[in-house]
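Encoded as structure tokens, the structure appears first; notes follow it.
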Amino acid sequence: MNFVRDLVFQGAQMLLVLLLSPLLTGFVRKVKARLLRRRGPPLLQPYRDLVRLMRKEVVLAESASWLFRVIPYIVFAGTWVAASLVPTFRGGLLFSWSADLIAIIALLGSARFFLALAGLDVGTSFGGIGSSREVMIASLAEPAMLMIVFTLALIAGATQLSTMAAYMASGAEGLRVSLGLAVIALIMVAIAENARIPIDNPTTHLELTMVHEAMVLEYSGRHLALIDLSSEIKLLLYVSLITCLFTPWGIAVPDADVQALVAGVVSYLGKLAACGVLLAVFETAIAKMRVFRVPAFLGAALMLSLLATLLLFVSGSL
Amino acid sequence: MRGNLTFDVAHLLAGSLVLVSFMQLYQDRLYALLNIYALHALVLAASVAWQAFVQDAPHLYVTAAIALIFKAIVIPVALHRIIVRLGIHREIETVVGVGPTMLLGMGLVALSMVVMLRVTVQADPLAREDLAFALSVVLLGLLMMVTRRNAVSQVVGFMSLENGLVLAATGAKGMPLVVEISVAFSVLIAFIVIGIFLFRIRERFDTVDVQALDRFRGERR
Amino acid sequence: MTADALTGVLLIPILAAAIFAMLPGYRITARLNVVASLLTFLTAVCLFVVEPRSGAYLLVDDLNKVFVVLTTFVGFTTSVFSASYIDHEIEIGRLTPAFVRFYHAMYQTLMFAMNLALIANNIGLMWVAIEMATLTTVLMVGIYRTHEALEAAWKYFILGSVGIALALFGTILIYMAARPVIGEGLYAMVWTVLITRAAEFDPALLNVAFVFLLLGYGTKVGLAPLHAWLPDAHAEGPTPISAVLSGLLLNVALYALLRFKMLLALNPAAIAPGPLMVTMGLISCVFAAFMLYRRRDIKRMFAYSSIEHMGIIVFAFGMGGALANFAGLLHMTMHSLTKSAIFFAVGHIAQVKGTQKIADMGGLTVTNPVLGWGLVLGVVAIAGLPPLGIFMSEFLVVSSTFARQPWLAAILVLGILVALGGLFLRLNTIAFGEVRGPVQRSDASYVPMFLHFAIVFAAGIYMPPALVLGFENVAKLLG
Amino acid sequence: MTAYFLYGVGALFALAPIAVVLAASRAASGIVYIACLLITAVLTALAATYLFGRPVGSAIILPLGLPWLGAHFRIDPLSAFFLIVVNLGGAAASLFALGYGRHEKTPQRVLPFYPAYLAAMNLVVSSDDAFSFLVAWEFMSLTSWALVIAHHKDSDNVRAGYIYLLMASFGTLALLLAFGLLAGSDGHYAFEAIRTAHPSAGLAALVLILTVVGAGSKAGIVPLHAWLPLAHPAAPSHVSALMSGVMTKVAVYGFARIAFDLLGPPDWWWSILVLALGGVTATMGVLYALMQHDLKRLLAYHTVENIGIIFIGLGLALAFKAHSMAFAAALALTAALFHVLNHSVFKSLLFFGAGAVLNATGERDMEHLGGLIHRMPQTAFVFLIGCVAISALPPLNGFVSEWLTFQAILLSPQLPAWGLKFLVPAVGALLALSAALAAACFVKAFGMSFLGRARTPAAANAEETDGNSLAAMYFLAALCLIAGILPGLFIDALAPVSQALVGTGMPHQSGLAWLTIVPVVESRSSYNGLLVFVFVTMSGSIAAFAIHRLASDRIRRGPAWDCGYPDPSPATQYTASSFAQPIRRVYGTSIFHAREVAEMPPPGATSPARLTVELRDLIWDSLYAPIATFVGFATDRLNILQFLTIRRYLTLVFAALVLLLLVLAI
């Protein structure tokens, strides 16, 4: 009985992240536009874009291989599975144990690996630019991310996301310097991973500044739709991750009643909105940096996270 | 009394041999060197003869005779003729100056004394003193070989080294094979002298001319 | 019977030498040379069968049995190699039949002298025999009568003569030390007597004696810095002589050194001979290892390798102890076999390429696979790589030393490694890479070479218990 | 049990002379490789039955080797595991070589050494005394040296072989010294005796350092790795696979055998050495790899990286063992050993792929490849699997072992030693960095070789490789997947090994629901490769199905878009070095002193602009070059002694005499 219930919630979670992610992107865009005193696209514009792209035919470069056509599905599947394992409104996900936080990050890494390959597949110069910059950024972001995981895992005594979230929610830890450093580092990494300003500009099409967009330049139609959807899911994933780890309030416990569940959903949506606004404000307030200043940015994140780990030994009872 | 006398005479002769070795080191002309060598051989012959007399070992007279005839007369004369034939009767090139060489020689003699006088007294004192002098002569001969550039003077060095050996061998009472050894060494020296003559080794032991050394089997850098 | 075997080891070579000096045909003497060497070898093997008896002049014990058998065996295989080598030399006119006659006579004389040195019970006789062997090889080194050959022979002669003189002085000193204890006359030079009374000798005299013997015989062993004659003599003489020099004569001199080392070790007041030998061994090993790098003449290179290995062997004996002595003995045997086999290969290679310059040979494994791979095998063996015998002895030397004297073992290891680098650096150009130099087939006999390699290979994997027992006895004897 | 192995080894050795005899004939290659395949397959099966069955040690003493010792052989769980690694790799390589070896121009330089090489590796892991171990060890180096210089006409190969042999001998001599210390001056060389002799702390430390140097130089620990990227690529590809995938593992075995088994209880600080070296090796290896554009050399550098990862695991295991944290030690050791297996599988696979490419195009330089996915789709597919596996991406096997290593790292705060508390997280960061860089590197490797457009006619006209080679690669690719999604089986198989080395195994995994692996407790961490694989496959398929059904499945081919400026010349593609440029700028400026020199012709000049990249290998420059310089200097100086006059030689004799007499006098 419990199993069926958990299965239902797991399915609901999967659908939720799939359905909610374009909305988050649309929301951020809207807020950004309003901040710039533009009217901006409608909130539901990302959904429309996706549907339209899916219906269009694919224009495939002559030199594209089979891999090029498979990759969007792999990227989408990897991202989606990863996102469905991050607690959103209710903890204790059924399949939480199939992959811990490290595995989730690695799943995202797989997606990026294939996307970078896609950038090289057609054999154009822009694809190469995108891929090579992407892997450079990833080479710094991933260790930083893992060090953050390290810090959190040491605090929570687990890398299992459900356990970690539950521990954080229990409030047993209180405020710690390490946590503060970790959250800053995590936000920095999240910005880099999601190709946001100041690392990358999701809306740019100015050739020499593109990273993510350059990589997927040759995609069109349903393939592009999947890749866009994947990026949107990824944004949602990171927001969920940050909120469930650092603001775990309101997440329903596994055997919660309906009321708690509703509270969970509402608080989750609230957190999403808050994060979206913060992101938009941040992006509006800052300029994109040169590609070769990115290492300094991410290096700082890496150092912060390493510092967070080491400070644990100094300040804590570990 | 007789023991004292034998000791004194042997000591005197052996000491003279060392002295003559020093005289050799001092020479800087080939002819003079050969003459001194003849003297060296002569002293050796006397010393060996005295040992033969003292030890009652008649076979040692053979060794003395070899020293006298072969080393004191034949070899010097042969070398003399070689020098004339090859036209190398000039001054001896020394690597180190005569003064330092003499000092080195002194050091060597001191060294051999120190080394040999550690030998316990229970060993025959005659042998002990004799050995110290023989060692000195050997070392001085070797010193001569390494401080002279001229082939003939190097041969002379080798021969005086060998004289030291004979001195040691005859001083060792009752040692078998002494005569045979002195004969063998004489043959060896004869070979060397013939070699010098055959290979026209003028300047050094090493080679006829310097250019050949540079061609030397491609090993030259 | 024993006396027969003993005298046979001496008589066969000296008679053969006399006969060869008179026989005119060089082909027949070459064959007879093989036969005589084989006979000597078989006679030497008989020494094992029958319990030997020692006299005032001749001696057979566990130590020299090993040496004699090794010497006669390598002498035999070298004579086989020599036959095909000399054929070729006459074909190309480098040697005339008259010289070949002289060569064979000298060959047997050399065998005689070495055997005599090994079984002599009298230190004076031993000295005489070793000097005889030296002078014989001087003559053979100069046999090509080229400028370089004569020069090498001359160098060998002069340095050898000084060595002779020093060794004699040492021998006299030993006699002087023994005389007050044993009494005047022959018995003060008889080894078996000396060894029983060594503890009573005057230690100071023994010390000085050992210094002279170490330098005198060390010159023959080729220890640095007394080695100078060795590379040139190896390089300029006929290759069979290089093989005999490296494989045997060095051993014989080493044997003499070992005898005196045993003598000194028995006298507690005398200096320990070990440290001196260890020092000289290490210097030789490291020095020769570095000298390998700039070599351009293939035979000279392997001559330096002989110095290196003699250094290792002297080191091992200097260290002493059952394990190190065993290792030294094994190493000496393996080195004799391997190095002579290498010289067999090198001789054929030099004949194929018409030169000894390494720069003029290349890609040998392509043009002459058997020779080329033979050389590779030889270098692998001599560099101390498994599964060949030298690996085992080096293993024992190094591992047994390291626990006792870590720094010495470390230096030794350094020498071994540097030598390996030098050998393979040259091997690479000789055996591999582009083909250089003339390409022609070699119709030489490879049997001696591969026979040696087979023994070395077998010994690296499996040593017959009897052999081990024999070596162990000797190792105990050496103390 | 052990006897069967020795029969197998004997059969392999017997193949060598047969190969010499046969070498001239056409069938030789087939016969030799089939025989090797059969023997190694049987040996793999034997070792596997041993490991999965009830392991009991069985020793055999042959009257070979050191006379009074004999040759000891024994199979225990550790050696059984490594026997599996060796023979599995050997079987795969033999299968691959059945096809690949046909293209060999000089089979007589490969065939005799190949079986001997396999046999030697088998012997190393099954020998039970120091002498047999070292004989087999050095013989392994020797045979592989012969294989490295199989193509000796290329002087680079000969040079690579030379450096390789020198370094190998250096390592062997270091091990020899280590064993010398362990055995003592009386020569107790049998492992049995060594185990019972407990060396003092200082001695044990020296042994450990010597072992790290000896085994590490063979495994490719930085800075002793210099030979590896030269030698591994020089050999024929199936041998490269064996050298990289298997022989480095034999070196790991050597380290594990001495450090965990023979040396007794470890000191905690040993692990600092091993961990630090491991971390540096992992990072440096992958950074080096990123700078390469020779495909095989890139793979070789990745071996260095993975060896670093393995040593991180071993170092952790040492640390935990020193503090008697047996479960954590078991986890770390299992992680390391599992990575040993994984790396041997995917590295062999990748080298096979590189070999197939080399055969098809004659090129190893990625700048001359490209677009091979169109010409060699199957090779591309399996190579891609290898790339994903080595980049430690789920759901393949590379990820599992790195994940386990991370789990072990996460247990490190429980260690009491402060040095370790701080070092381990830093090493963890290095491990993460190397994993991320590895992914970058394999994007480059796969992307440049297989994707894009062909850069040369050779690449454009490549043909798919033969069936045998493909079979070998598919086999290994399947293994990558199986080990990735069913890691529990492998972890359980490793339990007896860690039981033997650190006293306990990891918790039993196969009984767990859904085949999950749980290193410590489930609430702490768990991973289920199978489910992840199924989820990803399912969601991908559902998405594809849904989109194709509900939306559109139409495709039109057209020229590439490329922001509107497509250029038909393949030269406009990104090259390997331009791909690496951002990373080179980030890491290379300090580590490699990387410099880019741009030559711009003045306006009007017709010469092309050039961009050259200069890299310096600082490790080579600061460690190896000085040694070479020193040897050169010393030989030059000493060589003067060859050209002295006789008088000067006599002076030497004289000096020696006087010196010795002085010694006596004083």
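Each chain gets a letter, A, B, C and D, in the order it is written, and its residues are counted from 1.
In this section, a contact is a pair of C-beta atoms (placed from the backbone, for glycine too) under 8 Å apart; a residue touches a chain by one contact, two chains touch by 3 or more.
Here the structure is a predicted model, which is why all the values come from computation and not from measurement.
Minimum number of contact steps separating chain B from chain C: 1. The chain with its Cα centroid farthest from the Cα centroid of chain D is B. Taking the mean of all protein Cα atoms as the centre, the chain whose own Cα mean lies nearest is D.
Across the two candidate interfaces, A-D and C-D, the one carrying more C-beta contacts is A-D. Between the Cα centres of chain A and chain D there is a gap of 35 Å. If each chain is reduced to the centroid of its CA atoms, chain C and chain D end up 44 Å from each other. For the pair chain B and chain D, the distance between C-alpha centroids works out to 68 Å.
Taking each chain's centre as the mean of its C-alpha atoms, chain A lies 78 Å from chain C.
Touching two or more other chains at once are residues 115, 118, 142, 145, 205-206, 216, 219, 221 of chain B. Annotation for chain D: residues touching 2 or more other chains are 639, 642, 646, 650, 653, 657, 661, 664. In chain A, no position touches at least two other chains. You'll find the chains touch as A-D, B-C, B-D, C-D. Chain D meets chain C in the complex at residues 63-68, 109, 130-131, 134-136, 138-139, 141-142, 149, 152-153, 155, 158-159, 161-162, 165-166, 169-170, 173, 176-177, 179-181, 183-187, 189, 631-632, 634-636, 638-639, 641-642, 644, 646, 649-650, 652-653, 655-657, 660-661, 664. Interface residues of chain C facing chain B in the complex, by the touch rule stated above, are 124, 128, 131, 147-148, 150-151, 154-155, 157-158, 161-162, 164-165, 168-169, 172-173, 175-177, 179-180, 184-186, 188-189, 202, 204-205, 208, 235-236, 294-297, 300, 356-357, 359. Those residues of chain A whose C-beta lies close enough to touch chain D in the complex are 51, 54-67, 69, 73-74, 76-78, 80-81, 95, 97-100, 102-103, 106-107, 109-110, 112-113, 116-117, 119-129, 131-133, 135-136, 138-143, 145-147, 150, 153-154, 157-160, 163, 207, 217-218, 220-222, 225-226, 291-292, 295, 302, 306, 309-310, 312-313, 318.
Contact residues on chain C toward chain D in their complex (touch as defined above): 154-155, 158-159, 162-163, 166, 204, 207-208, 211-212, 214-215, 219, 225-226, 228-229, 231, 271, 276, 287, 290-291, 293-294, 321, 323, 363, 365, 380, 383, 385-387, 391-392, 395-396, 398-404, 406, 409-410, 413, 416-418, 420-421, 424-425, 428, 432-434, 460-463, 465, 468. Interface of chain B with chain C (complex): residues 115-116, 118-120, 122-124, 127, 131, 134-135, 138, 142, 145, 158, 161-162, 164-165, 168-169, 172-177, 180-181, 184-185, 188, 191-192, 195, 199, 201, 205-208, 212, 216-219, 221.
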